[in-house]
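So that you can tell them apart, the chains are marked A, B, C and D in the order they are listed, and the count of residues begins at 1 in each.
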Amino acid sequence: MRMTEATGIFFYNPINGIQDPIDYGELSAYIKKYPAVKNMFYYDDFPWNEENILAKIRSCGLERLIIAGSKPGIVKTLFAKVMAIEGKDPDKVILASFNEYGIRRKTDINRAKSVLACAIEGVPFEMAAMPDDLPVNPATLIIGAGIAGIQAAIEIANSNNLVYLVEKSGTIGGKMATFDKTFPTLDCAACILTPKMVEVNQHTHIKLMTCCEILEVAGDPGNFNVRILKRTRRVNVATCIGCGTCTEKCPAQAPSEFDAGTTMRKAIYIPFPQAVPNKYMIDAESCIYIKNGKCKACVKACPVPDCINLDEQDQEVTLQVGNIIVAAGYKVFDAKRMPQYGYGVFPNVLTSLEFERLLNASGPTGGNITFRSQDKKGNWIFSPDSEKPESLAIIHCIGSRDKNYNKFCSRVCCMYSLKFAHLILDKLPEARVYEYFIDMRSFGKGYEEFYERIKEEGVSIIRGKTAKVEEKNGKLQIRGEDILLSKIIENSVDMVILSVGLEPSEDTENLCRILKIPQSEGGWMEEANYNTDPTGTIKGGIMIAGTCQGPKDIPDTVAQGSAAAARVIRNILNGKVSKDIDTIPLEKIENRIHELSSIK
Amino acid sequence: MNFRPTIVAFLCNWCAYTGADLAGTSRMRYAPNIRIIRVMCSGRIDPTFILTAFQQGADGVLICGCHPGDCHYQTGNYKCLRRFKLISKYIAQMGIEPERLKLEWISASEGKQFAELVNEMTKAILNVGPSKIKSTLEVKHLKS
Amino acid sequence: MSVRVQPELRNQLIQFGIGDWNACYHCGTCTAICPLSEEGFLFPRKKIRLMQMGLKDQLESSVEPWLCYYCGDCSKTCPRDANPGELMMSLRRYLTSKYDWTGLSKKFYTSEVWELAFILLFAALVVIAFLVILPSMGYHFTKELTADGGVKVNSFAPIHIVEIFDWTMAGVVATLLISNILRMYYQIIWKKSKTKVSLWVHIREFWLLIFNFAVQPKFSKCDDKRYWLSHWLLMSGYTIMFIVIVVYLPWFQTEKIYPVWHPQRLLGYYATIGLLFGLGVAIIGRLVRKDVKFQFSHVSDWLFVIMLTLTATTGILIHVFRINGMPVATFISYIAHMAVLVPMILIEVPFSKWSHLAYRPFAVYFAQLKKYAVPK
Amino acid sequence: MEEPRIGVYICWCGNNIAKMVDVEAVAAEVGNLPNVVLAKTYKYMCSDPGQDLIIKDIRGHHLNRVIVAACSPRIHELTFRNAVEKAGINPYLFEMANIREQDSWVHTDRSEATKKAIDLVNAAIHRVRFHEPLQKRSVTVDPATLVIGGGISGMVAALEIANAGKQVYLVEKTDRLGGHVARFDLTFPHLSSAKQMIHPIIQRVENHPNIDVFKQSVIRDVSGYIGNFKALVQNGQPEPLELKFGNIIAATGLKSFDPSKIEEYGYGKFPDVVTSMEFEEILASGKVLTKHGKEPRNIAIIHCVGSRSKVYHEYCSRTCCMVALKFVNQIRAGLPECNIFEIYADMRAYGKGCEEFYAESTHRQIIFLMFDQQEKLPVIRQAEKTDDCNMLIEMDEKLSGESIEVPVDMVVLMVNMEAHDDVKDVVHAIGVSLCGNQFFIEKHPKLDPVATTTGGVYIVGTCQGPKDIPDSVAQARAAAARILATIAQGSVAVEVTTAFVNEEFCCGCQTCIRVCPYTAISFKEDKKSSEVNEVLCKGCGTCGSACPSGAITSKHFTDRQILSEIEGIMSMSYKEI
């Protein structure tokens, strides 16, 4: 039975915020074919207030109201109120939310039409828009081997299906491997991550591919052809025994990526002692032989014949996979963009990632908190011999919650800052620790309790963000307003830690282009549905997990890693995968709407 | 020489042992005199274990299980309680001070309580002094 | 005793400026970045808070808005769209209207029609005075030139009458300003205050008033020193002009043509250059709108700079025409000069933007008094 | 039995252990004990190179027993068991000494901590001598799954599994699916319709050929083990229905806190003080009116009601801030002239798009007022006739430092989420544990946020801790992934450390049968001895301590092993180092 109740459609704020707006003329023309639609009204035509809407309902005899547009929920209550005044059912105010279904550009007109048609006929869009299925190749590609990628890989591999785990750097483990302790339980990150890394390495169903980048993804869901650039390590992973003789002999140095640039490593190196695979690699940027054609100290030192091949070239590999999970992770905000905090100018202004290494027992100072110092060659590094700071300040929200930089909240900084405060007092019980925050976001399980505990430990937690860091008499001078006490607080401290926010990783944009998935505000990868499908995308067979979807902490990342795997395993068990939602012809959705509405 | 008591503790795997681990992850501090033995359930704790511990020279024995009603194996902790009552009487007859044997319920979230319990018990044992059971047994052994 | 929040106050305040200060989420960056904010006188955040909550009494007894010189750093670093700098500006407008007991200030700030009408009214009165009243009293415009070849200004604008008018105008303005300053004093130091300030402190700290008026040391504390310089040039130029016109008018408005190096001409040149430089910076800034300070221009801001510029340029024109013996041009520019100057002085000084010349140094003085306040 | 050749490995755990325990001294001390072939230390035993070290030594030194002194066995026992197994040793010939959580992290005296570590390692050495190889056993997995709770997480998990072609039983306590979400009007931060989102999900669940929905039903008498559970569904019918399933997902959710406990807010006393859930319904009805039927001119929303408090619940409910922001947008749409006061402590807009939503909402003329939720709560009192409002809230406003009075006509209390009253019943039925806040405890907060210590039982959604819809949905799918993987494999390993009877010693008293909570022991008349059903036995060992003749004992927790452990602890107690 088709919907016959007199329906009015209200187009809410159709232009606002959209650069390439939907053609509302075309939409209006389209929906005329639905007899229930009595009239259409536009936000720009008249101010939407009670009296006006009431007048429209009365003059057109409307029974149902559909509010269509980019974020129609914002006016819903007004319409519900009017319906209630009129003595009609406020539940008959229906939202046709365009952004909920990923409709943003002119080209999404067909989806907009179908969403509207669904709203008019009272059929859920999810049930009307069912893409066709395609057969699925049981192999899965996972892009990024941080904790999210690792978790997803293990889940899928445990269902006896092949996983290609592709990682850009030389080791798996991602950012989590560089952390010292994890909040709020303070168990060491290495202790909980390394077994998983080992499991990945040993799993018969996981093919680990490090130093690899995605070049192109072609084909259809269920049968993707993926071109991958395999950057050369110049060390044979199969024969390298990880003895480290080469590193000893190598004369070239570069800042260590793993230590966030706080130490120097050699040109031939292993990212960190527990790296997986535990094999050496050569950094072409700093290798003297690659630059000048002379050296080969490592080759001479290597006990395994032909293990190191300095002339090895990058290769291209092609994979056939049925599903793809993107777990490309994040990068931290570049603190140099906020010069007022003096990062890069004052050596003892650190980012959180640097401090994380400083705290780490396997980090540059063996877990001692010391000043940054210059080595013989003048590089600023952390060394265990330096002196220890007596006072430290931690400043929250660097680069986050700020319209001038990133508008979003990075979700983890409050908690890792509290963790820092605790660990500082653990290592330097006499130290004075200040935390400058705006809102303390300790929302997770056990987080609030952790916050309470830190407060009792004697950390000065000050509500109010500082504005700048200056140097005065060899100390770092910070000025801030203690909002709760209405006081200006001027502290001179030895070390300042900037709790830098998270940003989409460098590859996010490129990957989104390659995979044709849209980006949300802030540059994160966009999920299929904010609420019901946070790990899906609008592309069939492509899932996202972890921080590439938005900032999140480890438990939520792990949950998302598994959740993305669930969809993959389901697809494999079913032997089929859905096509992209865009591939459904409008007529098909219309027919389906008709079918569903006749059932009722 | 200073008296350094040794306390043997039997902790059930699901509540008390986890609680003791929590005391660790929360970095609670407690006296170092306790030696923990993990059993799956406090119901597994055989009176022989307790007696052996005393015989071997333990100055105290601590038993911890899940709170009543929380046993992972439904009722193991109740059985433990019954045996505890019995053995308490028995050790009293043997001349072992009642402070030396203790049964407490510790849940997986009670790290703090566990730390406090250990400190209290250590203090109590320091007050009663070293256990004489082992030396008594040794003397008897020599005599025989 | 707890105070009642008054959300309606926002609707009043919003008329005095542009901004949505509810966007502020109280991170404290603005207070921290402000070099002028100090213990006991925290702004801008604290003032935003009072505004958001509509705590009228607390706002009206604030001295802080006058301690802000609007360098714009707070608005630049504000992570939201709260624009704290503009809030302080708006608060100054609001407070000016509150100090003013006539109620005209509020009218001028919140209604362009009222302000323009009054300006035109005063301008018209000036024109009538020159075209009707003075001629009827026997002072006629003449094309005759003086021996030096200068225009006979005193023929149509007799110095003794102009001087009487000058004094009257200064008297009216001063009465208004002084009464407003007393009201300001009452609001800041006296009203509902739990503290008091001894007379000795009043006397001891009085030098601050003069010092601040003359040097504006507070402004120089702002990180960007350029604005202090341009403002100081403007201020000093204007002050010299004011003193010369009010006190030494006969010496200034003369029919003699002094040599170029004569103090009368040098002072005049300095004052005009200072004025024009300062005005130039403000006008260009407000047009380009690159600096936060100049991004939001209230009608009162524009009127003030335009009128001051017109006064300065007509003043220059009078001088040029007079010494070059161009009687008609001198006559017209003299009337124009007065037609701008009179409304400007009568409206801007007691009721509008220009009143800050008095409120600012007094605010510094009052703030200093507050530091030495003791419980009652 | 072959002569034990024990390898001892002491982990530094970076500095976690090495800082408080002289690991080298421990290695030196135990290195010379009988049967100990070698004793080594390493920075991270759990890492790949650490495990490789063990494997290499087992092969090189023909070790047949391995001890790792490191963190809690609850974390890494399995890791090392797998490692030794790879080197060809039965995994049960491995033992762990907990010198981190129960030693280095809790003591401050380095020499005492080191002594304790030596004792613990020595105990392990004594114990491991009597370890016996045990064979892993696996059972087939019943492909059906039981989901308890028909809220959004339960339904999403059910759909994910059902869509993979597997049977799901969904048991819901109430008479409708949808849980709390079905009562919401809109969701944050995109203000999309909650009803339009949840209804298709409900429809799919109810019409899915692979899902059996049991409403107004409770589950009882859960028995069995991973892969092979069975339980009764009780739904008012005289005959409960028996279900068989391989895995359980608990998605029992949380309930709203009852604010009438908080005297300051006067909930129940003032008719216009409502909870957030009640306000959802008010908004959906379109009639935002006071009890007198008037449109409120002032509405206040109070955050953290029952949350973040030393008196009520210490935890944060994670969603209320954003729900409150959603409310203010809704109120502003319906009542453009209304004064809206939002009384908050910290604005927790941490989710994707949420901070942006917060920033947008600040432009809707909301007056945000801050209180200290631990210090002094705002107090609601009846207004006087002269006040021109219904009630007055008195509070200390933190951002201004003023004591203020807020006129209000309606107050919305953002109530905390807390455990259901019957949470213990579920806990007992499915064998999970509760944390101090009465949330289900996950196996590991980071590594395994959806599994529990009981194999085959998963927890998703808010019963594990408060969370918003996307996080609940992600957890639901995560549990589904785990279950689908087990189903795909077809079998799963089960408890090895069950009880066993030495028939020679059994006197046939049947004491063990009486104490067994799982009816896993039966009496064999022909042999006049007890017999253990190894699939039903969960290895608690109660039978072992009750047996008067020492005939029944638990594998891997034999009397001999535990007694040796005691001996090991005591044998070194008085040595000085």
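Just so it is clear, contacts are C-beta pairs under 8 Å (C-beta built on N, C-alpha and C of every residue); 3 or more make two chains touch, one makes a residue touch a chain.
Since this is a predicted model, take the numbers as computed values, not measurements.
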item	value
Identifier of the chain whose CA centre is least distant from the whole-structure CA centre	A
Approximate Å spacing (C-alpha centroids) for the pair subunit B, subunit C	83
Between subunit B and subunit D, centroid-to-centroid distance (C-alpha), Å	28
Distance between chain centroids, defined by C-alpha means - subunit A, subunit B (Å)	49
Whole-Å gap between the CA centroids of subunit A and subunit D	25
For subunit D, residues that touch 2 or more chains besides their own	347, 359, 399
Where subunit A touches two or more other chains at once, by residue number	185, 187, 401, 403, 439, 483, 486
Where subunit C touches two or more other chains at once, by residue number	25-26, 46, 80-81
Pairs of chains in contact (touch as defined earlier), listed by label	A-B, A-C, A-D, B-D, C-D
Subunit A-touching residues of subunit D, taken from the complex the two chains share	12-16, 43-44, 46-49, 51, 71, 75-76, 79, 86, 152, 156, 160-161, 163-166, 185-187, 190-193, 195-197, 199-201, 203-204, 283-288, 307-308, 314-316, 318, 329-331, 333-334, 336, 346-356, 359, 398-399, 401, 439, 444-450, 464-466, 469-471, 473-482, 484-489
Subunit C residues within the subunit A interface of the complex	25-33, 37-39, 42, 45-46, 77, 79-81
Of all residues in subunit B, those that touch subunit D in their complex	4, 6, 8, 13-15, 17-18, 20-21, 23-25, 27-30, 32, 35-41, 43-49, 52-53, 56-58, 69-70, 72-76, 79, 83, 107-110, 115
In the complex with subunit A, residue positions of subunit B that touch it	25-27
Footprint of subunit C on subunit A - complex, ascending	340, 397, 401-404, 438-439, 463-468, 479-481, 483, 486-488
